[in-house]
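The next block holds one structure in the form of structure tokens; read it before the comments.
By written order: A, B, C, D and E. Residues from 1 in each chain.
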Amino acid sequence: MTGTLFHAILAQTGTGLPTTPTTPTPTTTPASTFPTILLTALIFSSMAIAVIILFLPERTRDQRGRIRIMGLVGAAIPMLFTLGGLNFQVSQEFSGGTVSFEEKHAWVTSFPIHIDYHLGVDGISLPLLLLSTVMFTVAVLAAWKNETRPRLFFVLLLLLETGVNGTLCALDGVMFVLFWAMELVPSFLLIAIWGGTGRLRAAQRYLVYGLISTALLLAALLLLAFKSQQNSFDFDLTNTVGLTPAIAFTGFWLSVAAFAIRLPVVPLHTWMPDAVAEASPPVSAIISGVVLKLSAYGLLRITMSAFPLGVGRFSFVLAVFAVVGTWWGFAGALGTRDIKRLLAYISIGQMSGVLLAVSAGQSIALNGAVLLMLANGFGIGLLLLLAGTLEERARTRDITRLGGLVWQMPRLTALWIVGGLTAIGVPFLAGFAAEFMLFTGAFPVHRWATVLVMVGLLLNTGCVLWMLQRVFFGNAREAFARIKDASTLELFYLVPLAAVAVLLGLFPGRLLPIINNGVLSVVSRINGG
Amino acid sequence: MDAGIGHFLALSALLFAIGAFGMLARRNLLGVLMSAQVMVAAATVALAAFARFGYGGSRPLSGAAFAFFVIIGGAAEVLVATAVLLLVHRRRESLDVDELDDLRG
Amino acid sequence: MYNLAWAVVLLPLGGFLFAFLPESPRRAAQVCITFTAAAFVVSMILLLYRVAHVKDNPYQALITFWTFDPGTKLQGGFISDFHAQIGVLVDNLSCVMMAVVSLVSLLVQVYATGFLRRDEGGYTRHFAGLVMATFAMLALVASPNLFGLWVFWELLGVCFYVLVAHWWDRPEAAAAARRMFLITRIGDLALLLGLVFVFAKFAASVAQVPAAAGQTATDPFNFFVMEKQFSGAIAGHVAGTGPRTLIILALLVLLAAAAKSALLPLHTWVGRVFEEAPAPVTALLSTVTMSAAGVYLVARMYPLFEVAPHVASVMAVLGALTAVIAAAVAVAQNDIRRLLAWSTTSQVGLMFAALGTGAYSAAIFQMITHAWAKAALVLAAGSLVAAYRTTDIREMSGAWQHMRATSRALAVAAASAAGVVLLAGFWSLGAILAGVMRNQFPNGAHVAGWVQALVVVCVALTVLLGAVAPMRMFFQASLGELPRRRGFQPQRVREVGARVVRPTALLAGLAALGGFMGIPGVRAGFSHFVFAGTTRGADDHALAGLVVVGVLAVAGAGVAWAAHTGRVKVPSTGRAGALVAGGLRLDAAYDWAVANTVLRAAPVVATVDDAVRERVLDEVGEVVETAAEAGRRWQVGRIDAVTVSAFAGVVLVAGAVVLGATGHLPFTGATR
Amino acid sequence: MSVNGIVFYAFAAVAVVAALGVVGLPELRHAAYALAGMGAAVGLLFLLVGNELLFAVQILVYGLAVPAVLLVAVTLVGGRSRDQGAGWLSSWWPVAVLVAVGTGALLLGVVAVSGDVWVRGDYALDGKAVTQPMGDLIFKRYALPFGVSAVLLLTALVGAVAIGRRDDLEDELEAAEAARRHREERMRRRREDRERARAAQRPAAVAGQAEGE
Amino acid sequence: MHAAMLAATTTVSTQSSSPFGPLVDLWPEGILLAGALVCIALAALRPRTGIATYQWISGFSIVAAAGTNFVYLRGMPTRAASPGYVAYANGLVVDRFTLFLTATLCAFALFTVLLGTLLSERIRTHLGEYHAFLLLATLGAVLLVSTREMISMFVAVELLGVSTVLLVGTVKTARRGGVAAVKYLVAGMVSSGVLLYGLALLYGIGGSTDLIEVAHTATHANAATVLAMSLVLLGLLGKVGVVPFQRLLPDTMQGAPAPVLGFVASLGVTAVLGLFLRVAVTAFPAVQSNWTALVALVAAVSMLYGSVLALRQQSVRRLVGHLVLAQLGVTLMGVLGWQQDKQGLSAALFALATSGLAVIAVAAVITLVEASGTSDSVQSWRGLSRRSPGSAAALTAALLSIAGLPPMIGFFARIFTMEAAVLAGYAWLLVLALVCTVIGAVAALRLVRAVYAAAPDEDALPLEEPGTARAVLAVCGVAVVGLVAAVQPLLALASGGAGAVIVR
């Protein structure tokens, strides 16, 4: 991948001639030559491993080690599948069609409204699948030292991964809900068992909000299935049918509410800092970095694709929510002393950017939004894992009680800076291209909202920097004298994550054709395609 | 004036209501059981009356046959109920509806 | 040949990457310096080639950072590809800038090897940061489009965030870095908005612009494309745009430049940075990078300001006021670092005043001469501070005997900065004054007469006042005997070594002699090489400018001498004096404003969140739970509860259904 | 008013009075007698509608067998509510009155407005014996219910015996049962103690955790 | 003996007869009865017989009874126009509906039998009778789902009810068992009375005990018809245990021995609700809007009551009971879309079969847990996942299935019933069902949280897991998840059954 990129650079730098953007070259190999069981295998391999782990004993050290290895295998297999698929698509430039690796089998046909076993990835879900699988692999490594009930932990984590990957691959409404809700219980338990002191309440809130979101989503999908007269939950079919405005608006708001709860959008966000702060580091990284991205994905996949009328009609309202979200995220980040809560608020602010892109409904903005999901996922995920390592060492997450840690942990500090700069969109890191495209795309539609969101995100930047400065800089403190820098294991999973953030910032162009391919199909619905 | 279907049905309804009251109001479970039999009797009266005055429609006397089975079923029910009540009484020394309150939220 | 521009840009980046390879910090510094030196050499080659081939068209080469075809109509009905390209542009301006930037950076780095102690932590980081900042600035000046410029503009900010916070164990240093970063982020944001605005307004019409050689016709951010777009917009040829569009865009660009270059009222970070950052960082920052970036941005976007003369007027006034106020404040400073900071602000203000009145060449010229002089001053000041262990110039004296070379450099650089006759500053200040008096943009536009009058007066005043501060600093520090005070170590007042002295001296030499390249009337002069528009403007008022500047500068130097000898009191007492001496206290005002708005509001938000979560949303759940609990308690175990509820329910339901069926119930919704 | 009518009213009155006795007599023994009386009265009403078979079965089952079984049961349990002072009515009897009145009103109301909705056939009862047709019905058309009724009675009998008999093993089982309950009780107490101890240790700030079961 | 007697009677068969001739339509019933009789006889002759023997006998009977389904199925007409074999004046209808439910009921009964091992110590004085009652209750249930005639219906209801009472009270020494039996009995008397009076009125209107004929005769939506309909349906629903008999299931489940708990909440509920489906769609074409309104009302209130009250239950058994109640409400919601094109009945049948499996799984876990001496309070179930990971996993899956959460099979049941209700025009019920699903899921997950997130009591014993119970647990637990892959076949079967029950 990078090889071809450098080749391209050299080819272009060698001449002073005008350069043309690389156009996708049509290839003759159709995507369907790839084995079409790929996605099923990808989704369910982690579940299968989880089942195997369920039957492994965990009494001795060796046995626990075996469980960890299995956990890693269970997370790595989907990642390898995803990388393979991504590589394939990068070389194909998605010329085989919008959706690839498609699997479609009739599932439930006895009912008036059919359900299909329909999987497939397009340009939106494939990069997110990369995010998900990488983050899960990293989370397994981050939980390597966990000695309390590792079996249950890995089982739940892998089940969670199945749910997340399934949601990303589902192309049928019922399957989407199925996987969407499937992650609910594992993540609930993951918070409730391995979290901090307030974990039970946090888990309970997480659960209730998640359930409400699922119910709203189900209502929206049922409405869609019933009113589109297509007799199927399949996204392919239902999405093509025009709905009456009243129905479209109702469905739009139902789905927006469902996803807004989990995105989260202010004022439905209050559960989120709680859950992120109380969950253990790998879990909070997964929840904030991956699981919450699913709702952003859902906004694109369901809200925009199925209820484009609503997006057009209520675009301004969404933009207002986006503005409020960024500013609220900023204020919350400024007002908290807990590092993880701060990161959660930053995430809230950034995800409001996705909402802005959705409200704009422009392809450039949506491309930026997808990139932003990736950047935020990797960046916030990295930061939350780092917060975990920090808390493990310093025994506190209170910013005011930390300081001067760079003396003890320079490597981790460097990673913190990479993560922070990624999150705030500094050039050549992952957030940069995302925010730039997002703003560029959204500005023509919502000028003032875009400006306000930009300012809000700028202020978010300040919060991150301030936090970094207070925690890491300043005089070395006696209390932290015994703190050690990153261990090899930690570097082993943190550095690749940082590297991904950097690579994504350096070469977003490699992903953009893929992403755009998916975004175009969404945008075409908005424009009445 | 001969007694017509209406009379029998009125009697049946009355008996049913009385039985219902007994079921709800009697304190002793044996009394509840007896009241239940009043309700069953109310139903048989209605069935028999329909069989007589309605002539059973296309199926003559079906109602009367139904009443027959109801009576037999009622007897079986009383038998089992009595046995269970005796069992409970043996354990609990009480058959009062408000004292047997183990099963609660 | 022009491909060498890639080498200029990328060599410092290579230096950055290779700086981490060697184990020893010294080697790392050497690597950085070597790469920077190579970049300087190549840039000189490039410059000389360009001088020889001045008729060539500008050269561009691009890397497509990312691009894609959105493939759909945007709202408003236009179609445009999106380009995010970075690359190199070689024209006269960028050639000159590259050479100056790499030269100053090289000298600063050499100085830094002597200035910083190697055993200190962060040595390597410091050099890596310097070379990375050099890369960012080189790439910035070489950018052929606004997008690339913005990218490196941001990168520059990040680099200096790290550099300024070099001594990050001091909270003040970190705070200064943060303050700088956040204020310049305002500029970044403005520039980003400008980019977005350009795309929104001009992306549709790029297809109409004929592609010049070496350009991508469809990139709306390209400077040459934009130039055509702007003239098209003012002529009404671009749909959806007009003078208002241009004014908004120009204001955004001006805001960006003002934040980066620290014009009033966004100047507050400069003083803190001068106080907290190491001298090499300050030298680099105040001369050819941060301050220069803003000036360069305006210079690059000059076609925009030509067609938006109102904004140009604003810029001129802003620059002029900044110049004169900062110069006045600088006079009142006793802290050597603050003095230099205000002096820098003042000089940058002059550049903006020049740019705002059409004196394009003069501004660039001033930027370059100022770079040399101010770099020399800052480096020399750094040496002095290190020697005297104080930053108060009143506590320094007698350097002439013990630090001869530094003092000489200081003298020359101060005189040059003051505009003493025949030194570099003299020529450039003269050019600025002449340009301001000329008041003509390349396209013939000009700012209003009263604006011009104001600007001329301000510039003249600035020259007078601006001469005082550096000269006073020189007199105070160099002349006289060594101070006698408790704890002072006279033996420390000596030259550190050649690595410190030589760069300073070299820069001072440039500050002395470099001005001859810009003597008006000379055919190969600076303004013949770097100018805005297609043809060079006239040289009116050149002599007048020079004469005025010469007189004023000498007068200023005299005032400085008078102040040094005590015949003139520096106004540092009284309310106004304190305000001036304290640098207008705007930063404190900002702090107060932030602390009393945002920081007050933020905890409220967290409280509101908690309250919403616990008082409202949890309460809703609590209501259900209470109902459930009540229902559970209501489930008394007694047996007649079963029968009563069942029978009552049956009667109610059956009754309702029967009554509903016979129409006796008002609600018939159930019977559908 | 014809003889038929008079007889109906007489038997109906007896049935109602007896039913009231069943629900209203404080002594269960008396109530059982009243049940027998009601059974007999209803049986006579069956005779009035000309169904000898039903009459016979009703008299046998509800006039004799059921009251007898119940009387035995009453005797075994002691005849009346243990708590004499609390009376024979449960404490919720006003609700019961309401419900019963509602039931009666509903049924009687519907009967009152439904004079002509009932199916009318052409089968004339007068002068025809119903026992033979009844037998045909029960043994042919309703052979399946008949068989099932037999199974039902068998079940009831076996069940009554199985539930009602007092086994030798019962004491032993009871002891085991008591041990189970005792153990559960002990565990519950211990757990509550632990909960209290934990709650006492925990600072108020993290009381949220106390919620966990 | 009975078989012989039955064989001797002539039948009134109106439609096609089975491959065995009319008299042998009672194969499953006969086998079950024979099994019961063998059990009774064995108990009388050899009182010391161990439970394994009885389990073999009962299991064999049940499997054989279910096996005859295949024989029936072989010659079963597929066209809805001639839905199956009919005998005894519609008292016995063998169609796909019957076969589907018979198989389901037999499965439930078989699981219950297998769970009995852990109960055997406590009922060793009447092991034979216990199994006989199980088989007889199954017999009653099978009869219930294969009749559309009042008298057969009533007698079968009585048989099922009497057997269930005996089963609930089967642990004579248990403090709560007897009370639960009494409660079940008393509630059963109320519902029997209501049902009986309704049937009497219906007979008066329709002039026949055959519901088909009643449907043909009772063509006016007058007050009497509506009242009869209401009473019949409410009586049947009372046997099921939904609102207004909302206390029946939680109370019975709280007091009954654990295997019987599952039996009542799966087999008992399924049988009566199956009958309810048949009666509702067969007998009341004239008052269709009224009975759907009634069902909608009952469904709504049941869902709401069950899910809300489940939230704070202290007893695991009552918690499950309320969840089942809510699930029954959802099932009833499917009945609203009873017409063939809306597939509501298939949804309801699907829901019954799947939720029964889940309930049995929960019952199996309760059996195991209580056999280790743990009480049924949620508190004492804390940390179960460490005492028995398998049970905890199966319990979680089953609870989520009952609560209707994805990706369990119960979710599909909910989706289908919701769809059917919406197709029938009850969108408001969909909204309510979603709300209730959320609440019910919270309630279910409260138990899951206790099972997983808390530490077990120090003195809690590890669970003993005898083979049969573990097998039941494994089968049901896997089925609850794994049947997701087989939704379509199962639904197709249910759909075939639903198609048969609608008589045109």
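Please note the rule applied: a contact is a pair of C-beta atoms (placed from the backbone, for glycine too) under 8 Å apart; a residue touches a chain by one contact, two chains touch by 3 or more.
This one's a predicted model, so the numbers in the text were calculated from it and none came from an experiment.
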| item | value |
| --- | --- |
| Neighbouring chains shared between subunit B and subunit D, ordered by label | C, E |
| Centre-most chain, if every chain is reduced to its averaged C-alpha atoms | A |
| Chain pair, most C-beta pairs within the contact cut-off | B-D |
| Separation of mean Cα positions, subunit E and subunit D [Å, integer] | 24 |
| Whole-Å gap between the CA centroids of subunit A and subunit E | 44 |
| Distance between chain centroids, defined by C-alpha means - subunit C, subunit E (Å) | 77 |
| In subunit A, residues with contacts to at least two other chains | 192, 200, 204, 208 |
| For subunit C, residues that touch 2 or more chains besides their own | 631-632, 635, 637-641, 643-644, 647-648, 652, 654, 658, 662 |
| For subunit E, residues contacting two or more additional chains | 151, 154-155, 158, 162, 165-166, 169, 172-173, 175, 179, 182-183, 186, 190, 197, 204, 206-207, 217, 222-223, 227, 250-251, 309, 312-314, 449, 453 |
| Contact footprint of subunit D on subunit C as seen in their complex | 638, 640-641, 644, 647-648, 651-652, 654-655, 658, 662 |
| Subunit B-facing residues of subunit C, complex | 631-640, 643-644, 647 |
| Interfacial residue positions of subunit D with respect to subunit E in the complex | 106-107, 109-111, 113-114, 117-119, 121, 139-145, 147-152, 155-156, 158-159, 162-163, 167, 169-170, 173-174, 176-177, 180-181, 183-184, 187-188, 190-191, 194, 212-213 |
| Sites on subunit B touched by subunit E in the complex | 5, 9, 12, 16, 19-20, 23, 29, 32-33, 36, 39-40, 42-43, 46-47, 50, 54, 56-59, 62-63, 65-66, 69-70, 73, 76-77, 80-81, 84-85, 87-88, 91-92, 100, 102-103, 105 |
| Contact footprint of subunit C on subunit A as seen in their complex | 8-9, 12-23, 205, 208, 267, 269-271, 273-274, 328, 331-336, 362-364, 367, 404, 406-407, 421, 426-428, 432-433, 436-437, 439-440, 443-445, 450-451, 454-455, 458-459, 461-462, 465-466, 469, 473-476, 507-509, 512-513, 516, 520, 523-524, 527 |
